[in-house]
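Below, chain A partners chain B and then partners chain C, in two separate complexes.
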Partner chain A sequence: MGLSVDGGKLEVLQTHPSDASAELGRWVFRLASAVLILVGVLQILDATGVADFGLTDWRPFLYAFLLWSVALGAHQVLTRGEAGQQALFVLPGLLFTLAMVIFPTLFGLYIAFTNWNLNGASSHHFNGLDNLITLWNDAYFWNALGNMVFYVLSVLVQYAIAFGLALLLNAEIRARKFFRVAFLLPFMLSPVAVSWMIGKSIMENRFGPAATLARYLGWEDPAFFTSPWIARTSIALMDGWVWIPFMIIMLLAGLQALPNDVKEAAKVDGASAWQMFKAITFPLMLPASMTAIVIRIIFELKLADIVINVTAGGPGGATDTVSSYIYRVYRDRSDIGYGTTIAEVYLILIIIFITLLLKATSRYMRKMV
Partner chain B sequence: MELGQLSAEVAIRASAKGRPREHAHSGDLARAGGRVFIYAALIVWTFIALFPLYWTFTTAFKLGRDVTQGHMIPWVDFAPSWKGWQSLGLSPDSIFQSWQSRDEFVKRFVNSIIVSLGASTLALALGSTVAYGLSRFNYRFGRWGNKDISFFFLSQLILPPVVLAMPFLVLYKALALLDTRIGLILVYTLMVLPIVIWVMRDQFDTIPTEIEQAALVDGCSIWGAFLRVILPIALPGMVAAFILSIVLCWNEYFFSSLLTGFDAQTLPVMVASQTGSQGINWWSMAALSTAAILPLVLIGIFLERYIVMGLTAGSGK
Partner chain C sequence: MRVGIYNQLMAMQANRREMLKGAAGGAAAIAASGSLGTMTLQAFAADSVVSQVMKIPGAGNGSPTDADWQKVGELCLGPTKETVQPGEFKGVEFAFMGLNNQNLHNFLFRGFLKPWEAYTGAKIKWIDLAQADYNARLQQTIASGTVDYDIIEMGAPFEGDMGVKDLLSEMPDWVKKQIDFDDYVNYLKPPVGTWNGKIHRTCIDSDCHTMNRRTDVFSDADLAKEWKGWKDQAGLSEWGPPKTWQQVQAVTKFLKGKKVKGKEVWGFLDQPKPWGGFQFYFTASRATAYVKYPGEKNWLFDENMKPLITNPGWVRGIQDVVDLLPYEPADQLNADPGTTAFQQFLTGTGSLLEWWGDIGTVAKTSDTATIGDMLDFDILPSSDDVYNFRKGQWEKLSTGPNQAPNMAYLGWGIYVMKSVDSDSKRHKAAWSAAAHLGGKDLSMWTAAYPSGFQPYRKSHTNLDLWALAGYDKKYIGSYMDSQSTSYNHANSAIEPRIPGIFQYYSIAEDELTRVFAGKETAQQGANNIAAAWEKLTDKLGREQQVKYYRIAMGLA
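For the complex of A and B:
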C-alpha cells in the first residue's frame, strides 16, 4: 500500500549560494541551537527545583523549538541554495510529525515502566517489569485481544457485503447518484452519534424498533447487549454499518477501472454472470480487494468509540477492544503507567501483525497474478 | 484522476446503452428477474443505511409516548413536537431567549468547527508541501530517500490513538496545552496528515512536470511555481483532502475525551456524556444527535464527489 515513486521528477538547475550567505546560515543555525539548548537546560533546572526562574510550564521550550525549526529552514536555504528550497517542502511536515510522534512514543516507553497513577501518591517511580508481569496475568487484556481477532475477521464479512453492493452500484441502474449518496452517508456519521442512534435507541430492549422487529420475528425477550456473543455481534454490526460504505467506495473505484473489453469478450462468449464474476471480475479485483481489506483491518485495530459508548466493554469484557480496555484502565483507575504498557505492547503486536499481513498479501498476489 | 473517473463513467454509460439491445432476444425474463433483484437489493440496503438517520431525525420530534408506543411516521401516527429541540434551546419558542443548555451546545459546536477547520487547514498546508516535494524532487536525508519518507508518513496511519493518548496527556499538562483548542488542533493535524499526504501525492503525480518547467523558464522560483501555477491546478485534490480531514476531525472522540475538559470539549464528547446518563430523554438525545450529524450529512449529500475522490486516491493506478 506504500506509494510508489513514479511520475517525472522535476529538473531544476542547482545554484550554489555565496560564501557569505552560507556563513550566515551556519551562524543562524548555531545561534538557534544554542538558544534551544539553553532554554532546555533552564527548564530542567527549574523543573527539578535546582533553580527557580518562575517557570510554570514548558511552553518556553516549545517556543524555542519552533524558533529552532524556523532557523533550520533558513539554514537549509542559506547554505544549500536551490536544494535547500526543495528541502523546505518536506521539512515542516517532517519536523511536525517527528516532534509529535517520536517524543510521545519515547516518553510513552518511559511511562510504561513506571507506576504512574494520576490518582495515587504524588510521585511515580520506575517499577521495572512489574507492568509487563501484570499484563501477562491480566485476563481482561487477553480477552480483549481475542475479541480483536473476532472484529478483524468481521472485516471479511464486511468485505463480502461491500463487494456485492459495489457490483450492484456498478450495474446498469437508474438513480445511481442517489444510491451512491445513500450508501455513503453512514460513513459520514460520528461513531459516538451512531452509538446512540443505533446502539442505545434502535437496539434498545423495550422500545427500539430493532427489538420490536425481533419480537415480531419470534425472539421473545430480545436483548442485544447482555449475552457475550450477541453483544459482540451487535457491535460488529454497528461497526460494519459505519465502515461498509468505505469499502464500497474503494471497491467501486476498482470495478470502474476494470477494462471493459475483457468483460465484453466474455459476454459474447456467452458466459453466465456467475462464471464471469468467478473467472474475470473477482481475479481482476484482487489488488483492489487486498488494498481495501488491509486498510480496513488497520482501521479496525483502532476500534474503540462505539464500544466505549455502547457497552463500555461489557458484559464482562465480552465486547472489549484493546483500545476500549485501555481507555477504561485510564478512566476508571487513572493508571497511566499500566495503560501505557498495554498500549505499547499492543503497538508492537500491531506492527508485527501488519508486517506479516503485508508480506502475506504481496506473496499471495504474486502467486495469483 | 478526475478525468479518468469521468471517462470510465462515460464508458459505462455508453456500454449500458448499447448492451441491452444486442442481447434483447436472449432471455428477457431472466434479465427482468435480475433487474428486479438488483433494485430490490439496492432498496433494502438504502433502507438499512438511511433508517437510523430517519429514526433519529423523527425521534427528535417525538414525545415519550410516541417512543414507547413505537410510532414511526410524523403527522400520521404521531404529532411532531418541539420538546427535544426545546431542551437544546433550539425550538421556535426558545431560540430568541437566553437558554443555558443552548449556550453549552453552541460552545461545543463552535469548538468542533474551530478545531476541525484549524486542523484541516494546518494539515493541508503541511501535507500538500510534503506531497509536492515527494512527488517532484529526490531527497536524501542521511540514508533516507523519498520512499522512506513516504513510508514514514504513511506508517503513522497504523498508530492507534491509545498509544499516543497518555503520553500526550502528560506532555500537554507540562506544556499547558490541556483543554485548549490549539492542543486538540495539533493532535488532529497529526491524525489526518498521512491521509492528506496520500491524497495530495496522488493529485500531484497526475500533473505533468512540463507545467512547472515552463514556469521555471519564465523566471519563477520553485516555490513561486508551486504556489502560483501548481496549487490552482491541484485544487480539486485539495478540496477532497480538506473535506475528508474535516469529516475525520469532526467525528473524533478519543483524543477529545481525554485531552479536553470544560473549555475545549467538542461535540462528540458532549453527545457521549449525555448518552452515559441514564435518565436522559430520548427526544433531547435525538435532537442533540441530529444537530451533531447534520453538518456532515449535508457534506455527504452535496460534496459526495470529493469524499469519493479523497477515499479512492491512489487506487486508480
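For the complex of A and C:
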C-alpha cells in the first residue's frame, strides 16, 4: 500500500498480488485444510475405537488447527495482497474466539446430550433427551431457579440504594472524593473474602457484631442462615454489599453527563428538589439506569461464590442458585454430561430472559420519551 | 499426627513435673484399660532405630524441620539396604503425586526420601496438590487416561476408581515383609487396600470417627444433682459421659440452657451443612450403631447394591439429628463439620463431638481454643438395639448395646501405578520408595510428630515409645485407647470403596440438608436418597458397580 498525491487529491494505492503468489496461497491453504481434515478424521477414528493410531490425546488436532490458522493468514496475504494484510489484524482474534468460545459452546452442546460421568464404567455416549428429562424432573434445579427470581428482584432494591448513593456522591458534599473511593471498596473485595468476613464472622451467631447488635435490639437468639427467608435475605444483603458500588459507578457517570441547562431552567422556574428529580433527573437517567440494571441482572444470574462459601445452598436449598448447583454437580459428582446440560439450558434461559428484558425496557423508554 | 496434636502435646511437656505427674496417674488408668493396657509392655532396645528416631527433634525443640525429616529418613534406611544395593536404581526417574496440606505430606516425603534417593541413585519428580484440587485432578487423570505419576498418595475410598481401570501395581511379597504388613491394625488389612484380591496399598495413615468429650461438663457436681431429677435418662443413672446414642440425645436435651461455671453449655453438636461429600460421614456415624449388625459386612448397601438407607435404622439415625437440632445452638443448621469442630467445640460450644481421632486434642494450644485440656476421648456411642435388615426387625443383642465405629475415609496410603510394572528396575524402585515411606520405624515417628497422619499400626499403641518423644502417658493413653478400640473393633463399619463413592455421598448431603431444614421427613429424605443412588448406580453401570461393591467389601 502507498500514498500518492494526484492533482491535489490524496489516494491510497492498493498493491495486488501476482497470479503466481495467489496460486501459491491457494495451495498452501488447500494443503493445510487437507492436513486439518485428515488429522481430524484420524483423531475421530482413534477416539471412537474404529482404528488404533496410538493417539493418547487431541494435541495433534490442536497442532493441525494452529498450522491451518497460519496457512489461512498466509493465504489471505498471498491471494488478497493489502486487503489480506488488513485481514491479519482481525484473524487472530477471530480464530481465538472460534477456538475458545464458539467451539467450546458447540462442544458443550454435544456433551449435554451424553451420559459423561468421570466415574462411569464405560466411556460417555449419546443418551438422547435423558439429561433434559432429568432436568425437567430435578427439584433442585427448579428450586434454585425459583431462588434466582428472588435474587434478580433484589437487584431493584440494590438499584434504589445505588441511585440514592450516586445522587449523594454527585452532590457538593464534603470529602466527596474520599467517599467515592470508600464506596468502591466493597466492589474491590473478592466475594469469597466478603463471605468469610461478613457471612462467617460479622454475622456469626455467637460472637459476630451483627448478632450482638441483633441481641441488643431484642432478637433473642439471632441466626442469619437457619430460616429460609432470613438466610436468602442475608445472602442478598452480602451480594448487594459487593455489587451496589458497581451500580453507583454507572449511575454516577450518568448523573455527571446530564445537561446542566435543563436543571438550571427548572430551578429558575421554581421547581422543588423532588420535582426536579421526578421530572428531570430520573427520566433523563433512564438509559443509564436500564444499562446498570440489565448488566447487574446478568451478573446476578451467575451468583455462586457467596452461596457456596456461606450456606452451601442451605438451609434445605433456600439459598441455592443455579450456578452453585452446577458447581456441585461438576465438582462433587463429576457428572460432566448432566452438569453441562444444566449450564446450556440455563444459558438459553438467560439469553431469552435478557432479550425479553431489553425489549421491554426499550419499549418502556420509548413510552417515557 | 496432625500439627495441632503435636503442638498440644508438646505444650503439655513444658512442665516436666506435670508430665511425670500425668504419667504416674496415667499408669494406673492405662493398666486398668483393656486392649491398650496389654500393649504398653512391648519391648524395644534402648539403642534401636525407633528409639533414636522418636527423639528427633524431641520435646521442647520446636517443630521438626526438613533436616529432621532427612535424619529420620536416613536412620530408617536399614530395611531398604537389605533389599537394594547402593546405586541400584541409578538412571531411574519417577513422578510422585501427593498433597501439600499445611506444608506436610509431600514436604515430609521429600525429606524422608532424600537419603533414599542418595543411596539408591533414583530421582523423584514431585507433583504437589492442594486438598481442594486433589479429587478433580485424580478423577480427570483416571477418566482421560492421562496418569502422569508413578506413585501416588491416595485415600482408600478412591481404590475403586483406580482398581476398576486396573491402574495399580500389586504389592510384591518382599515389600509386605519389609513393612511388616501384619502389624497393621485389623481393619486396614484386606479387603481395605486391595482390589480383586491383590494388595496395592502401603498404609501411612488411618481414620475413624471417635467421640470427644468435655470432662468439666461431665464431672460438674451441679449438673449431677440436676440430672438425678431428670426424667428421660436413657439408662444413664449417674451423671457422666453418655455411652449410647440414646443417652447422647437425652444428655443434649438436658443440657440446653444449662451453665457450667457461669458459662452456657450445649450437649452434642451435629454437622448438618454439606461439606463436599464429607458431611455424610457424620450422618453415617450417627447411624452405624443402629444399622451395622455384628457379623454383617453390609450396612450402606446390600450385596446387590440396593440402598439400605431407607431402613428404620438409618431413618432413626437421621431422625436423631432432626430431633436434636432444636437443642443445639441456634445456627447449627448452617454448621459444617469444620465449623463445628474448630469454631464451636474448641471455643467452648458443645460438650460432645464426633470427629476424626485428632481434632479434640488441639484444644490446649490453639490460640482460639478455650476449652484447655478438659477433654477425653472414647469410641463412638453404641445403641441399645440394632436393626437387622435381613430379618427386618430391631434386636437387642445378648452381648449388650451394639457398638459400630465408623472408619470414615480409611486413611491415606502410598500406591504404585501399574505403568511401572513393565520395567523391573522402575518397578522395584517405586515399591522400594513406597516401602520406605510405609516402614515400621518411620511410621512411629509420623504418628508421634506433625505429619498429617494418625497411628495405624498395633505397635503404635506402645506408650513407652510415645514417652520417648516426651508425651504424657495419661493423655496419649486416652487418645490411643479411643483410636485402637475403634481400629480393632470387630463390628467396625467399613465404607464401600466403589467408583464414584463421593458422588453417592454428595447426593445424600443435598437431600439430608432438606430433611434437617424440615422440608421433608427423615423417611422421605431417605427414600429420595435411595432413589437417587439407584439412578446413579444405573448411570455408572449397575452390573459393574455391583461387581465392584462386592470386591470392595470382600464379598466376592
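The rule is simple: the second predicted complex is superposed on the first by the 341 of 369 C-alpha atoms of A that agree within 3 Å, B and C clash if a C-alpha of one lies under 4 Å from a C-alpha of the other, contacts with A are read in each partner's own complex, and residues count from 1 in each chain.
Here is the rule we use: a contact is a pair of C-beta atoms (placed from the backbone, for glycine too) under 8 Å apart; a residue touches a chain by one contact, two chains touch by 3 or more.
The model shown is predicted, which means the values in this text are computed figures rather than measured ones.
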| item | value |
| --- | --- |
| Partner chain in contact with A:Leu129 - chain B first, chain C second, else both or neither | neither |
| Residues of chain A touched, compared between chain B and chain C (which is higher) | B |
| Touched partner set for A:Thr56, first chain B, second chain C, both or neither | both |
| Chain B versus chain C as contact partner of A:Asn170, first or second or both or neither | first |
| Partner chain in contact with A:Val194 - chain B first, chain C second, else both or neither | first |
| Contacts of A:Glu264 with chain B and chain C, given as first, second, both or neither | first |
| Touched partner set for A:Pro104, first chain B, second chain C, both or neither | first |
| Overlap of the chain B and chain C footprints on chain A, listed as residue numbers | 56-57, 200, 206 |
| Chain B - residues contacting chain A, complex | 4-5, 8-9, 11-12, 15-16, 19-20, 23, 34, 38-39, 41-42, 45-46, 48-53, 55-56, 59, 67-68, 70, 72, 126-127, 129-130, 132-139, 146-147, 149-154, 156-171, 174-176, 186-187, 189-190, 193, 197-198, 201-202, 204-205, 208-209, 212-213, 216, 221-223, 226, 247, 250-254, 258, 267-269, 271-272, 275-276, 282, 285-286, 289, 292-293, 296-297, 299-301, 304, 307-308, 311-312, 314-316 |
| Contacting residues of chain A [partner chain C, same complex] | 56-57, 115, 117-122, 140, 200, 204-206, 221-226, 228, 231, 310-318, 328, 331-335 |
| Parts of chain C lying in touch with chain A, wherever the complex brings them together | 136, 139-140, 142-146, 161, 164, 272-277, 329-334, 336, 339, 343, 349, 499-500, 502-503, 506-507, 510, 513-519, 539-541, 544-545 |
| Chain B contact footprint on chain A (complex, rising order) | 1-3, 5-12, 56-59, 62, 82, 85-90, 92-94, 96-97, 100-101, 103-105, 107-108, 111, 116, 164-165, 168-173, 177, 179-198, 200-202, 206-207, 209, 212, 241, 245-246, 249-250, 253-254, 256-257, 260, 264, 267, 273, 288, 291, 298, 301-302, 304-305, 308-309, 322-323, 326-327, 330, 336, 339-340, 342-344, 346-347, 350-351, 354 |
